[in-house]
Amino acid sequence: MKTIAELEAIRKKAQDDVKLRSGSGDVRVVVGMATCGIAAGARPVMMAMIDEINKRNLQNVTVTQTGCIGACRLEPMLEVYEGEDKTTYVKLTPELARQIVAEHLVNGRVLKGQTIGVFEKEEA
Amino acid sequence: MELYRSHVLVCGGTGCVSSDAFKIIDLFEKELEKHGLEKEVKVVQTGCFGLCEAGPIVIVYPEGSFYSQVKLDDVTRITEEHLMKGRIVQDLIYKEPGKKEASDSINNMGFYKKQQRVALRNCGVINPEILEEYIAYDGYAALAKVLTEMSPEEVVETVKASGLRGRGGGGFPTGLKWEFTSKAEGDIKYVACNADEGDPGAFMDRSVLEGDPHALVESMAIAGYAVGAEYGFVYVRAEYPIAVKRLQIAIDQARENGLLGEDIFGSGFNFDMEIREGAGAFVCGEETALIKSIEGGRGMPKVRPPFPAQKGIFDKPTLLNNVETFANIPQIILKGADWFAGIGTEKSKGTKVFALGGKINNTGLLEIPMGTTLRETIFEVGGGIPNGKAFKAVQTGGPSGGCIPDAHLDTPIDFDNLISLGSMMGSGGMIVMDEDNCMVDVARFFLDFTEEESCGKCTPCREGTKRMHELLDKITEGKGTQQDVDKLESLAKTIKSASLCGLGQTAPNPVLSTIKYFRNEYEAHVNDKKCPAGVCQALLQFLVIPEKCKKCGICAAKCPVDCISGVKGKEVYLIDQEECIKCGACLEACPFDAIKKG
Amino acid sequence: MTNSIADIQTADTMFITGSNTTENHPVIGAQLKRAVKAGKKLIVADPREIEMAEYADVFLKIKPGTSVALHNAMMNVILEEGLEDKAYIQNTTEGFDELKKVVEKYTPEYVADICEVDAEDIRKAARLYGEAGTATIIYCMGITQHVTGTESVMTLSNLAMLTGNLGKAGGGVNPLRGQNNVQGACDMGALPNVFTGYQPVTNEAIVKKFEDAWGVKLSDKPGLTITDTVKAIEEDRVKMLYVFGENPMISDPDTKHVEKALKKAFVVVQDLFLTETAELADVVLPAAAYAEKDGTFVNTERRVQRVRKAVDAPGEAKPDWVIFMEIMNRLGYEKQYKDAEEVFEEIRQVTPQYAGISYERLETKGIAWPCPTEEHPGTPILHIGKPARGAGLFKAIEFVESEELGDPEYPLVLTTGRILYQYHTRSMTGKTEGINKIAPESYIEMNPELAKKKGIKDGDVVKVKSRRGEVQIKAKVTDRVEENVLFIPFHWSEGANVLTNGEVFDQFSKIPGLKVTGINVEKLA
Amino acid sequence: MINLKINGFEVQVEQGATILQAAEKIGIKIPTFCYDDRFKPHGSCRICVVEVEGARSLMTACCIPASDGMVVQTESEAVVEARKEILDLILANHPLDCLTCEQAGRCTLQDLCYQYDMEETSYDGKRKSYEKDVSNEFYTADQTKCILCGKCVYMCSQVQNTDALCFVDRGFETHIGTPFEQGIAESTCVSCGNCVSVCPVGALMPKRREKYRYWEVDKVQTTCSYCGVGCQMELLVKDNKIMEVLPVKGHCNEGLLCVKGRFSFDFVSHPDRLKKPLIRKNGELQEATWDEAYDVIVNKIKEVKDHDGPDAVAAFSSARGLTEDNYLMTKMMRAVIGTNNVDHCARL
């Protein structure tokens, strides 16, 4: 290695890979990955999420998975935790997942249309 | 680089490897493939996590779930439940001693909370065989900084300012060593690393070599730049195959990537290094003996002066530090001397790694700030004594350390405090003893080791350790007298003051410290012919307590040498002390606790 | 030696040629090995892979009798690469241009073929010697016992002068003396052409000086050398031979000749034992051994040291000097000496180099001559400043192939020497049981390849023939020697000197060419 | 220059001089087993420990350089206690067979036990026991008596440079051996016996031709009669016979000898020595008196001189004889017989 730039480049690239070991970031995205979720297509949603987050090189966001969140009919769904606040998105697709990253995680604008509140109202 | 949603870290330290870690890794990979997860979940082989008690250990990120004592069958469950469905397998998660529920994440475990990992920072975090992962955690940034921004003098100054002291045992100020070597006259100079970890039960150096080998490569290059050396030797004992293998991989990777070799970072600085495998003689941890061994001679200590800094390997000025010492260097360079000097006590800066063993819950490797008290270390980090037994003593500093009693448990750990207690820091062995340990027997145990490992060069050590051992045998066999104890003490003092090298000068510590703090136990052995802890076979006595004896005769039936007499249902049973072989079968057999050991 | 034993160890480079130091001068060998271990550079030239070769930076396994060529080639390289000491040559030497002319054609490549070594090694050796701050030359019989012995020594001093390595500490040209008092015997004029202290018998003034000292008329006609004497006896020119402590029957070349001579002349032998020579004598006189008399020996570094009486001589044996004195007296020369010291006092009177040496001074420590006055500390290093004879004279020498070689009937080269455990003709070592257990008998070293060709196995008895005679001895198969070179120690009567040439000599020193003999070997049917 | 105080006496020494050398300079004797100025300092035996003011532990006088202002005690209570303990430890592992040990009278251990009143050891533990190596023709090696001072090893590796001896095994099992424990006969040993000369106890002993005690012999220093090196040596004489030869530190030999000088002296007292003159009578050499022999010789010389002139007489002088012998031989030939026909085997 002849320059620090070379080292820096390798470091940046490698960090993306190991970042999730550094424990919980301030923002945690939890994807429902129980049988119901997986059946409804949660896995591609999760991978899209991770992919988008890394594309935009968002630090301090951790994507984890959980079991059944409890509203199987609304799967695939995920929760975004920011400190105390929690936003629950439902009926997701990979595209929607990428939008959530772009709007919510980057610009801090919640995608009203996909939150669980909206759907529950509809059903009521 | 592929993106993964989850990482499965499997401990690849020697401890866990000896309990199937490699098989576990293979199985995880098969399982993931079976479920088509190999693109989402990554299996990482790391160095030691430290908590060897709980091995084999598997940690799943991002959750940080800490699975302990994982068996092959558990792998399927962890894959199908946790990795597929995100359901943590609670019953496999490590439960800390004295706690009901399992700890949700490694970050909240008591064992790790009190710790501050500087030397071990990457152990159990990265895959030691992948250069990029080391770089991801700021690897080689320190070397880059040194070569591009600092003069050799500045590097030496920084190390001096940090207050770092040798972690191999002596506790000599590292910065001074660097300064002496850099100032020494000589066209050729060498940097050498002492990785000949000889203390039984101590494996901090091994852990760094296995878990973070690049850290050593980087620091030795930094040292080379600082003292003006272009070549380094790492002296590793051949009994550390994994360490040797991973270090070699690291050296090769560093070479391929121009982190070793010529003109590193375009600075014009050249540095390369090689591994020298030792045959595992304890004395080769002594620096002059180690140098002799590197040169290809018989590992025998040499008189100092001249010191290695003046005349070392092949009579060239040589900087010799141990692995843990080196492992601190990159952090000191990156975070600054003040940061490091901010940790620890006035005279002992930074952190120290200890290998905790003996009668302790969390057997394993821990790194704590200097100044942490022995009590905190043993009862908080170490999780206390198992089975509610009472603490008796802790022996620090390896086989030639002293035994420290309860009364001194609140002493903050640092070089000078331990010495003033008749012990030493050594390379960081820490063995806990409880009420069931006989201190005379303990001293004997350690002498057994040092006697074997004496190089045989100087008279006091070669002949003296043998005689100390024999006197201790005599005492534990109940044949000892008060004169023997006195003789033992005076002999120990002579050996301490007249021996050639550190081995001989410290070998008497276990004896002197136990006589100092547990004289009563010695006296019990020689005067009352009793072993209070009930360890020394020859001094044991099994007695029937008449008022408790129900005359059932079970003891007599169980006795292998038929030395228990009595009449069933009629008279109390009696043990013939002459015949008794002290096997304890009767004690276990008696349903009414009518037999006591004393 | 020009320099002292202590001094040669201080040289940056040591060039050992024709000396099997660790076996023939074991104590010096040990000291030189230590010097090499301490980082001194070492060049070794020898036909055999002797122990010193293991320590050498460059080992030149030269064909016997080719040293002159080797030394010329080393000078060739030194001049080629400008390593010579120009100032020294300017100020203290003569004959440089002629030397230069001669060595020109001795390029490493040319000489490599003569010596059968690698040209690069010759270059390496020349550089090691030429570039060294101080370089010393240590040689022994491997150089001198050749028809061209003296010339070979001259090429060595050329080498030393060329690089300014003469007359300074850590330099010099140093022959190792084979026997305890060769130096003393020479100093005392036990040579046909000089009195004590090398004062020529042909110099009128000197002869006068000794005539005055001894009070008799003296001959100014140089006498006969040992080898001349043997011839002279055969030719009836010499009728009586007095042999003092020598065993020519074994040590001299072509023993068949010697035997004839000894049988012919009237021979007196004075010795400790009834040696092979004594057995042929007409009168044998019992002499005292070194431990039975007082006196001095002079070692290889010209240091005069005391010998002291420890035990009485057996029977009627007498110290040799007493015997000579008594014969002189009976021949009418009245001078009496009460002890060895009185003899030494007379030596001081007639020998300038010894003038300052006395038993009293020798009591505490030996003194190296020249020592002109009682106050003089002695001279461990000769030629300091400039060579004794004023300007050092370069003697350009051409290499000539030994006549021994090239005879199809005797195609192989035999060389000889000593081994560690035996000494000279074994008249002393042969009396020690342990020695004879370790080194019981004579043998011939031959290369495995040659042995294979001849169908000889290690330990076989073989027949070795030369123009002079033949011996039958055990073969020791070893690659210490090259395929066409063989070695026999000369200690045993069935040894080398049955085969060596007693007729051709060095034209100057009259040393026979013992180290090169054309031979042939075959397995004993 | 360096100034220090030893037992209260001021002494000045060169930079780099050891405490031991400083003490020697003012005649203070510090005991040693393993010290020899020809070795690199190794400080194995520890018997030379002394007390240095301000030092953490005792220091070995043989290898610690004197430093300015140093204050040294060579026989303080602590020092004596340590020395006695070391002697005690050595005795505990050394056979007390001084009555028959051939080193008696030349044994450093014996001398120091006397000096420090060590009658016996206070330990009754394990003692080493090895088979004696008698494979060498001239000396025996008895590891049972060895105190592991290491002198033989360092002599062989640093001074004689033969590297035949080495340390084998560790701890209490440590002993001196040859590479691969093949025995001395199989090693590279050249029987110089220099290791034997430096052994402070009876572990390395010459094979004796007959019995003698070191206090029975007279010592005569002389010069070796073999090669031209001129080694200085000491002849140990009992009853007009050489019992043993020991090296002496001379100019050229630094206290070394070779196998010939050290062990091959039997010829002096060999029965084959000539004791009377012999004269050949009718083909046989027969014993005669000196007068008879001289008459024969003198008459022959006269006869030849008269008949063929002095140059018909020739002599071979001896490179083995004394300088004085050679002088009178040449004088006899030149001054008395009148010829220069004298030569010797310098060339052979």
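Should a chain be cited, it is by its letter among A, B, C and D, assigned in written order, with residues numbered from 1 in that chain.
The rule is short, and it goes like this: a residue touches a chain if its C-beta (ideal position, glycine included) is under 8 Å from a C-beta of that chain, and two chains touch if they have at least 3 such contacts.
All of these numbers come straight from a predicted model, not from anything done at the bench.
Distance from each chain's C-alpha mean to the overall C-alpha mean is smallest for D.
C-beta contact counts were set side by side for B-D and C-D; C-D has more.
In terms of their C-alpha centroids, the spacing between chain A and chain D amounts to 89 Å. Mean C-alpha position of chain B lies 51 Å from that of chain D.
If you average the CA atoms of chain C and of chain D, the two centres end up 28 Å from each other.
If you average the Cα atoms of chain B and of chain C, the two centres end up 67 Å apart. Listed for chain A are no residues, as none touches two or more other chains. Counting partner chains per residue, chain D shows two or more touched chains at no residue at all. In chain B, there is no position where the chain touches two or more neighbouring chains simultaneously. The touch graph of these protein chains is an open line. Here the chains touching each other pair up as A-B, B-D, C-D. Chain contact summary for the complex, chain D toward chain C: residues 137-138, 158-162, 190-192, 207, 218, 220-232, 235, 237, 240-242, 250-254, 256-260, 263-270, 272-280, 285, 290, 293-294, 296-298, 300-302, 304, 307-308, 310-348.
Contacts from chain B toward chain D in the complex involve residues 281, 283, 298, 300, 302-303, 305, 451-460, 462-467, 470, 487, 490-491, 494, 496-500, 505. The touching residues of chain A, counted against chain B in their complex, run 1-4, 7, 10-11, 13-18, 20-21, 23-24, 31-35, 38, 43, 46-47, 50-51, 54, 62-67. Residues 41-47, 49, 57-58, 60, 63-65, 78, 81-82, 85-86, 89-90, 92-93, 122-123, 125-126, 147-148, 150, 166-167, 169-174 of chain D are the ones touching chain B in the complex.
Those residues of chain B whose C-beta lies close enough to touch chain A in the complex are 1-7, 9, 40, 61-64, 84-87, 105-107, 125-126, 132-133, 135-141, 144, 148, 257-259, 263-266.
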